[in-house]
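For reference, chains read A, B, C and D in written order, and residue numbers begin at 1 within each chain.
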Amino acid sequence: MYRVVEIEEIKEEAKGIKTFRFYDYQNVEPGQFYMIWLPGVDEFPMSVSYVGDLKGVTVKKIGKGTEKMHGMKEGDKLWIRGPYGHGFKVEEGKALVVGGGSGMATLAPLIEKLNDYEVIIAARNKEELLFTERFKDAQIATDDGSLGYHGFATELAEIMLEENKYDVIYTCGPEPMMAKMVEIAKKREIKIQASLERFMKCGIGICDSCSINGYRVCVDGPVFSSPLLFDMDELGREKRKPSGLKVKI
Amino acid sequence: MLQVKVGTLNLRNPLILASGILDESGETMLRIAKNGAGGIVTKSIGMKEREGYENPVIYEFPEHMGLLNAIGLANPGIENYGDEIRIAKKGGVPIIGSIFGSNEDEFSYLAKKMEEYGADAIELNLSCPHAKGYGMEIGIDTELVERIVKNVKREVKIPVWAKLTPNTSNIVDIAKSAENADALVVINTVKGLAIDIDARMPVLSNIYGGYSGRCIKPIGVRAVYDIRREMDIPIVGVGGVENYRDVIEYMMAGANAVEIGTAIRYKGINVFGEIAENMERWMKENEFKDVEELVGIAQRR
Amino acid sequence: MLQVKVGTLNLRNPLILASGILDESGETMLRIAKNGAGGIVTKSIGMKEREGYENPVIYEFPEHMGLLNAIGLANPGIENYGDEIRIAKKGGVPIIGSIFGSNEDEFSYLAKKMEEYGADAIELNLSCPHAKGYGMEIGIDTELVERIVKNVKREVKIPVWAKLTPNTSNIVDIAKSAENADALVVINTVKGLAIDIDARMPVLSNIYGGYSGRCIKPIGVRAVYDIRREMDIPIVGVGGVENYRDVIEYMMAGANAVEIGTAIRYKGINVFGEIAENMERWMKENEFKDVEELVGIAQRR
Amino acid sequence: MYRVVEIEEIKEEAKGIKTFRFYDYQNVEPGQFYMIWLPGVDEFPMSVSYVGDLKGVTVKKIGKGTEKMHGMKEGDKLWIRGPYGHGFKVEEGKALVVGGGSGMATLAPLIEKLNDYEVIIAARNKEELLFTERFKDAQIATDDGSLGYHGFATELAEIMLEENKYDVIYTCGPEPMMAKMVEIAKKREIKIQASLERFMKCGIGICDSCSINGYRVCVDGPVFSSPLLFDMDELGREKRKPSGLKVKI
C-alpha cells in the first residue's frame, strides 16, 4: 500500500540537490527512510531530511528516478511507503557529526535534536555543500578548497578529535568516508553511528538485496552503531549489485 | 521432540527458510541458521547473473495480508555462488540449493554445481509464477517435470526436492509427475496482480507477481492435503506459515516440514526460534512426544 | 454517472450481488435490490432439490481475511424456483439466474426455465470448486465449456454469462472457449482447506471449500486483467470486493461491472449503496464523468 | 475460527433438557446465540441461557447433534463461534414474558435483567417445564394440566392480559405459539419481541438459509420486534428446508 502525498514545496539546496516537502501523518525518526515510487519510472529509498508534520526528503540527482523527481513541481504527487528502518540513537555527551555530500540530508534532522555537538559539512566543492544555511555554525571542508578546510572531511575530523573530547560520532556520506570514520572511531575508542546505503528492493527486510555482512540495511539499519560497525568487513570494500553479485566498491 | 526427517535429510526442527527470502548472501543465511531455522533453502540460482525486474518488485497488501513480488529471479549466477554456500554451511543446518533453469540440461548442470559447493539437497524451482520461460511455465508441463526430476536425480547423490506451483487445476497430477523426487515442496506463490488506482497502473514493474503470506495458507494446506491423500512421498508445506498453529495445521494435513518466508516481514528473523518454542509447549499440553506423530492426522477418507 | 452496460444488459450501477450470497429467497433478493444493488445473481439452481452438505459448511478466517464455504449447491430445484424470481423482480433491477448442471442438456433446460420465469440473464456456474461432477470439474474442460455456452445461447434470447474458475493454470484458454457468451464472470472461489488443530480435522464437513473475500482479490484482479488483455468481451469481476477502491481496481483491470458476496458479512447489506456513494465522490474528485471510462485503463502492453 | 471451551458444569433441567456451562470471555446479550460445533458430528445454533462470565446453553435433545451433546461430560470440549445476532431490547414498563418448552432457555437471561414483569412458563407437561426453580414466582401452564394452568400458554397469556396492563411482551417457544402471541399483541396494540428459529448454516448473514420474509434470523434477528413481526406473513406458516425449499410449518 502506498500513500499518495502532494509536494508542497521544492527548494534547490545545492548543485543537483533539491528538497521536496510534503505532509505525512506518520511519525518519523531521523535516520529512517521512505520508499518513494514514481509510477512508471522507479522506486527508491530516501532518508527524511525534515521530520515534523511537513516532512522532507533531500534528493541528489544521479539517475533516471532522481532526475524525474528533480523535474517535478509543487502539487505533483509522490507515492510513498514507510518510514522504514532504525534511525539514530541520541547518545549522552558531546557529538561530532560528519556529513559528506548528500549524506547531510540524513544527518540534518538528527542535528536538530542534539544539544552539544559540532558539525562538519563536506563536499567536493563549494557548490555541492548541503545545508550550510540550515547549520550556520558548521565547519566546512571541500576537497578542492573552494570553501573552508581544504581536504577531506575525515582529515578535518581527525584534527577536531585531536583538539576536543567527543563522546560519539555520527556520520553519513560516501562509503569510503564512512569507512574511514569508523576506523578512526575504533582507533580512538569513540562510539560511532553511521547511516549506510545499499541497493534496496523491498525495503522491508525480506529480499536480502541490501545486506551487508548478514545485516539488512533496510531493517537492521540503515543506522548501525559500534561495535557492530567495527566488525563489518564489507564496509567500504564490497557491496552487492541488484543481481546479488558481490563487487568491490 | 522437534527433529524431523524429510526423506533422508535430518532437520533439528521442521522450520525451513523458504527460497527467495533472506537467502541471497551466505552471511544472512548463517545468521538465520543461528536464529533457529531447521534448514535453509537458498535463493533460486540460475545459469547466468540476472538483475531481475526493476523496482517496484514488492507490494505489500494492507493489514499483514501478504505480499506480491516479482523479484524476477535476480541472482548472481551459479558460477558466483560457491562462497555463499560455504559461508551458509557454517550454521550447521542443512543448506538446500534452489535452482531454476529452462530445460533439463540446465537443471542438471546447476544441481551438480550446488552439490559440488556442498549443498545438502537440491530444490527444483518448477513454480515461480512471474518469469518468462522459467518456473511455473515449466512446472505445469507434467512430462517436462518428470524429465527434469529424473535427470537431476541421475546427476546428484544428494536429495532432490521439487517445488510445485498452485496455479493449476490439478496439483496432484503434477505431484505424480515429480514422484521420483525425494520430497515435494508445495506451494510456491500464487499468481496475482494489484493495481494502484491513484497511479492507474499495476504496482509491480512486471505487472504480475507472486502472492505470498497469510492469505495463501488455505491454498497451501489444501495442496498438501490433496497430495498426501494420494502419495506417500515426503512433503514440505509452504505458504503463509506465521505461527506454531500454522505449522501444526500443515503437518496435520500431511507435511513433514514447512518453509517460512513472508512471516519474516512481520515477525522478524526470530520467527523460527519462537515457533519452535511454542510448538514444544503445545505438544506437551497435547501429549505429543514426537512432532512426526502429527503428520497427516487430519486426513479423513 | 454509475450506469453501465454489460453487453446489452443495462445496470444502474456496476455493483451486482454475487451468486450464493443472500439470493436463495425472492424476498431477500428484493430487499437487496432496495438497498442499492445494480443487479442480482440468484443462488445457483440445479435440476433437483439438493440439501447441500452437512454443517459446518462455512468457516471464517480470522481478521476479516475471508471465508471458506462448501454449501454444496443446496437449492430447491428449478421447478420450485419460479416464485422466487418473480418476487425478486419487483426490485426493478436485473435478475440474473445462476444455474449449474452436469452436461449441456441440463444447462439448456435450466436456462430455458429461468428465461420463462422472467430472469434478465443467465449465469452459467462453470466453477464451483467443491461439488463432484459440477462446477469447476466442468469448467476446466474447455471443449465442454464451449459446447455448454453454445447450446445455452441457442436456447435462450436473454444474455448468457459464463462464470469461470481461477483454479487453473490458464484462465485465458477457458475464457476463449467461452467466447460465445455475452459476458465472462471471473472469478468463482479458490479451492482451499482449513484444519482445526484442536479438533485435528478439516473444519468443513466436505473437507474442501471455496475461498472467498478480501484475500482472493489479487487473484481475481489478475484473472480479469489477463482476460481483458486478450479479449474484448464484457467482463464481470468478482472476488474480494469490499469497498469503492476495490471496484475501481477491478474496472481499471478491465471489468465492466463487479459482483459482491463475502463483503456483506463485514459491511452488511448496505454495502452496495455505500460503495456507490463513495465511487461517485471519487469520480468527481478525479474528474471522471462516466464510470465506463475506467474500464481497462490500467492495462499496460 | 472456533474457540475451544471446556464444559465446567452440566445440569439436567427437565426431561431431555440439559444446561452446559463454560467460560467464554465474550460479552453476550440475552437473545444472542452461539454456533456450537461438535467435530465430526454437527454444528448448530444455541441461545445463551446464562450471560455472565460462566456462560450457559440449555439444550433440548432432539437429533443427532443434541443427543451427542447430552452424552458429554464435564471437562469435554465444545467448539464455539459467536455470539451472533441481535438480542432482546429491554423496554420501559411492565413486561409479560411467555416461554414455551425450551424457549425458556432464551428468555431466562432476559428475565434476569427485567424489573417489572410476569413470566409464564409453559410446556406439554410438568416434566418438560424449564427453569421453574430459577423463576419461582412464574405462572405455570401445561397442555395436559399436570401442573398449573391447564391449557396453552397463549390462553393463560390472554387471561393475564385481560386482567393487567402490560407494556411489552417477550416470547420464545414453538412457532405456532409465538405466531399466536404476535397476533394477540397486534390485536391488543402491545409491543412484542420474539426470538425466532430457522435452519442455520452460516450464522453470519450470508447464506440466506435462515431468512423469513427477507430478514435473516441470524443477523437481523433472532429477536425481532413489532411492528416488523406484525408484517411477517411467513411466521407460523412457512419455513425453508436446508435446500431452500419453502414448506408449510
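By our rule, a contact is a pair of C-beta atoms (placed from the backbone, for glycine too) under 8 Å apart; a residue touches a chain by one contact, two chains touch by 3 or more.
For clarity, every value in this text was computed on a predicted model and none was experimentally measured.
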Worksheet item: Chains shared as neighbours by subunit A and subunit D?
Response: none
Worksheet item: Which chain maximises the distance between its CA centroid and that of subunit C?
Response: A
Worksheet item: So what's the Cα centroid distance for subunit B and subunit C, whole Å?
Response: 33
Discussion item. On a C-alpha centroid basis, what's the spacing between subunit C and subunit D, in Å?
Written reply: 36
Worksheet item: Centre to centre, by mean C-alpha position, how many angstrom separate subunit B and subunit D?
Response: 51
Discussion item. Quick check on subunit A: which residues sit in contact with 2+ other chains?
Written reply: none
Discussion item. Touching at least two other chains at once: which residues of subunit B meet that condition?
Written reply: 61, 201
Worksheet item: Classify the inter-chain contact topology: is it line, ring, star, complete, or other?
Response: line
Worksheet item: So which chains end up touching which?
Response: A-B, B-C, C-D
Item to complete: State the interface residues of subunit A toward subunit B in the complex, per the touch definition above.
Response: 1-2, 4, 37, 39-40, 42-44, 77, 79, 81, 201-209, 211, 213-216, 240-246
Worksheet item: Which residues of subunit B touch subunit A in the complex?
Response: 20-25, 27-28, 30-31, 43, 49-52, 54-58, 60-62, 67, 69, 71, 74-77, 80, 83, 196, 198-199, 201, 203, 261-262, 264-265, 268
Item to complete: Under the touch definition given earlier, write down the residues of subunit C that touch subunit B in their complex.
Response: 61, 63, 65-66, 68, 136, 140, 165, 167-169, 190-195, 197, 200-202, 207-208, 211, 214-216, 218-219, 221-222, 225, 245, 248-249, 252-253, 297-298, 300
